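Notes for the one structure printed next.
For clarity, chains are labelled A, B, C and D in written order, and residue numbers in each chain start from 1.
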């Protein structure tokens, strides 16, 4: 059971990075549909940086850089050039796959044995990590997970208690109101896409250098989309994203635990599909959706 | 030729050239000569009949999945679950073909398989529409998730009821030859599925723009409130639109199973959904444009593969080319709108000055 | 002459398809109320948005107190003391009044309590009855208007621009607004006021700028002009009022539509409609007056079938149609021009021709061998374009590309064609200019002359009086009496609209 | 025709004259299956002087066209890495009688020019089990397979039977093995999670055959400080203190063996060419963490197998 919770926290961390970044961007009106590509670029650049410099810190910095670059391309096209968000995201996701597999080959050629780095170490927090159950689950994690503990409340505060949060939320509800208030809507949205790039890059790095210490092109395998979905499920709210991540992460951990104990009466595939089925069920049963009114709609002033 | 159409051709062409050009620059990083590589790409696809035919073989399922996305897109809905609907279609196609192969006369069996596949994929897709209509569930999310579920279903069936007789691998037995889609160009594997795809594309265009049903689907997509006020049942149309979309994606399963693979195996065409979406982008969701965009992707695929095989350039060059071309095509939308605006403004200024 | 407070010089602005402003120059003085008049599309909103920094002019200059200013964004404008209330409110419905007002004007952590207190006091100072913690989506348009004004006042505005602020207000609310304008300018502030209503202009403005086709075609002192001159300047010709035709015909017509005790009560809530009973005759225009949000929309939807009453019956030509759905009622010959054409009346991303078949897509009318008969549809649309003088390139033009007035004409053409028995007009002329209003009034009267029954809903009393044969006032879902047009005057209706109880059927002496 | 090539004086083609291609289902830098096969190709080109070409990342829908492509161009030998190529190879072969089709890991041969070669992977897992059985402390074995299929099940059957038996002989009476399938070949994170869960449930010796999924499992084993028996390639270099031993599929030897058969004209059709311990294609690799005693026991076990004294088939559960 404790094991299950540990897996939930570990695997939930990057999803939460992704979904909270998505919450921010979507609150301002932009769906970051390039999230899968941002994750992947982050994972790749993080690994390359860490491998070549032997420094995980440089790796994380590279991941952020790559995430921001990918996000900037996406943001430029969708926010400034006003092109369709789903469409642009799809193109960038495909490009990201090609880009990392190609560059991986350019940089490393065909290595005979797997390239690895030592992943981020677990940093047990003195005292706290000794608490039964809670200790090992929450306080024996890596630095990125601890950072997440700060980001959740901070983002809630930022979004709901500050003037910046008010601007962000207004930009997604009625960008004209923001424009009339003398704030550049496109700039707000673009910055939030970049923020999504930062957090998405970190999320990607979590997989490659935070958790596994290696990189493969299939590494993300749809997890960016999961983060995207969690943002929807969480009602565009950091608290909801947290709840969504916990539910999703726990179901996934449960499914893996079922798979790992050698199966049984139910087919393996049922467990594999379980988190996705759950997402659909939650989507259906949810009564109210607080979709930002202008989500996905570019702000066009004149023609 | 009017200016708008000229812009369209010119900017799209330019986008493709720039996309390929940028990929060529990337090849430089490998220390290879991009000119040689691209020379190879272009000469190889017309090298022999078989390879040339393969372009259209490749294009066939892409036409279907692209239509699947485009059809709902035109109605302002999102079906990004084409991959899953394709899996469901493939499963039904292979299952029914296995049952009927050799027992029912070929053409009849092929027809029944087609109908079953379309209906099955359609129902799978219609669920998304039903969830939207009944529970106001976001179709973007449910369609995305449905792919993973479909994949699990396919994998489960492949290792249980559909598993090959010798029981070794999670794949089906090969289909009886009577249920293969016949090829129509000798010396190639170009099967009549391609013709079917082209006809369906034209049919979808007619449906969308020439029939009252298509008209209503678009009306609901653009403005559900106005449609409702006009006595149009939006909920019913959601279900219908997603049914058609799902059936289209399932059509790709039919042509791949009965036309190309003649069996179903795990890990079957895992990227066909997103490629379809990309093609829909390339074609600006126009059903007729999709035919051409699919052929372009088919050519990139076939040529890129041969290029990889003969010049030592990794096959990821294909995704790179496709990705760059798509990004530039999206940029070309913007450029076109800009050009159009400029033109109008200049016209105006001239008028004012007179 | 002393230097004007603000001055615009030779402003020109191109959009892709139109020249919105051509060499526009005018100024506004301190303490002055300047009215900006002009037809739809004359360029009024555009020139003000340029002054406010929302649009960038292609050429021209802006001066404040004689000094040239560069206004690149609303931030710059605000710094100069300019505020603008947009034609379409720029409020965030999902946020509270306070959040809307402080948007972009506070820094760092928001102290909710303190802000709400501040806003509450500001509202009280100006005598506005606005709850600072209310959600904007729950407010009536009149109150939303006040929120917009508070937004401007919060910034210590010196020049307040109001773009058609009274288009959606009741007479009383308009009057309050005028009073506010007088007080505000008395303190030395200036106001630029855009409207289509000449009466308001004459009442409150000091000076009047008239625009036509993007150019200034008149700059007049209020005291030296009259409504007639202004309307001629605006549309370039004299308007001949619409002829109501025979007064007698309506009284003799047979009953067409009958409301029998119709109510809409959703469990435990305040009734949306309560015990509505009246009938409309053939060849009659039945006007419904009332402040918007008092059940007008529900009433229309009950008739067109979008909403089903919880009790009561609706009869058309004696036949019970209560349970018919929208489509069946369209087939029965009920036309409906909804108040919100963007939402309910048109599909903006379709062509005019396609919009013409919106309500008849199920019928055989447009079919040829199962496919849409494009030629026939285009022909009919072409004819409607001609008949209704729609300014559009042709049937294949996108609805989105038309101006609001012309879009409204397309809806009108379609509904007049479909509504063979009864046509509902909900706010048919809101936001339209005099010429367009005139045209629409003529169409409505024309249909009446053909014997159709008409249900006219308007918050504009002048419109109700100009057209209706009989008038009912709706207040909180209750009909406050049905009157012949000769039985009642503006003042009484105003009282009824405001909810002052008057005995049913009461006539002249109340 | 170009396919004929020039003949040397002895009348035999030189190695470089053969037109040979290898079809790979994934990228050659995947650090597992494809990389291993690619290494075999490199070895042949180096030591035999062949000029083998390869094509990577070929998707299921293209198997057939890729075979045909080489057939059309008159290749002498077309190899493909993975049993998934069986169907396509057998289907295409009849149209190109001059070309020999050889599926590595293949098990189906219907035609005079279809000659699959099959490494008896269950013999490799037998070697792994010999090591694992000696390494375990608590007798709790955990295995993860990529996807369930017959070959996979057979090799895991052998591994589990042999390792548990050895543990029991060593007096660990409650020894047992737990098996799971990842249903993936490439989800590294999933591999780490699954392995982590299994270790959490008590396992102290891991064995994984699921390509990149295994790389994740190694991470988990390393973090939890348990032992891992590498498989298919030399995985000891990844984490020598965790992967204390590895059973390397010596595909270099295997490919050289196969190509020699081919050039000697002995790679006959209508037959599956099997290779195993006897052909020296499964080589145990040890780190210093493995005692000489264990190494000796493994050698002895392999000796028995190569003499044919072990009845593997009886260990298959199905």
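Assume contacts are C-beta pairs under 8 Å (C-beta built on N, C-alpha and C of every residue); 3 or more make two chains touch, one makes a residue touch a chain.
Please read these numbers as outputs of a predicted model, since none were measured by experiment.
When each chain is reduced to the average of its Cα atoms, C sits farthest from chain A.
Looking at contacts between chains, the pair that accounts for the most C-beta pairs is A-B. For the pair chain A and chain B, the distance between mean C-alpha positions equals 28 Å. Remark: chain B and chain D have CA centroids separated by 36 Å (rounded to whole angstrom). The centroid of the Cα atoms in chain B and the matching centroid in chain C are 46 Å apart. Centres computed as Cα averages put chain C at a distance of 77 Å from chain D. Touching two or more other chains at once are residues 101, 105, 217, 268-269, 272, 303 of chain A.
Of all residues in chain D, those touching 2 or more other chains are 27, 183, listed in ascending order.
For chain B, the set of residues touching two or more other chains reads 155, 314, 316, 341. By the document's touch criterion, interfaces exist between A-B, A-C, A-D, B-C, B-D.
Residue ranges of chain D in contact with chain A, taken from their complex: 27-32, 35, 38-39, 142, 144, 178-183, 186-190, 192-198, 200-201, 212, 215-216, 219, 223, 233-235, 237-238.
On the side of chain C, the complex with chain A involves touching residues 15-17, 52-55, 73-78, 84, 86, 88, 90-95, 99-100, 102-110. The touching residues of chain A, when paired with chain B in their complex, are 73, 77, 81-84, 86-88, 90-99, 101-103, 105-106, 217, 222, 225, 228-229, 232-233, 267-270, 272-273, 276-277, 279-280, 283-286, 289, 291, 303.
Chain B meets chain A in the complex at residues 26, 29-30, 78, 80, 131, 135-138, 140-142, 144-146, 148-149, 151-153, 155-156, 160, 274-275, 277-278, 281, 314, 316-324, 326-327, 329-331, 333-334, 341.
Of all the residues in chain C, the ones that touch chain B in their complex are 14, 16-19, 22, 304-306, 325-330, 336, 338, 343-350, 354, 357-359, 361-362, 366-367, 370-372, 374.
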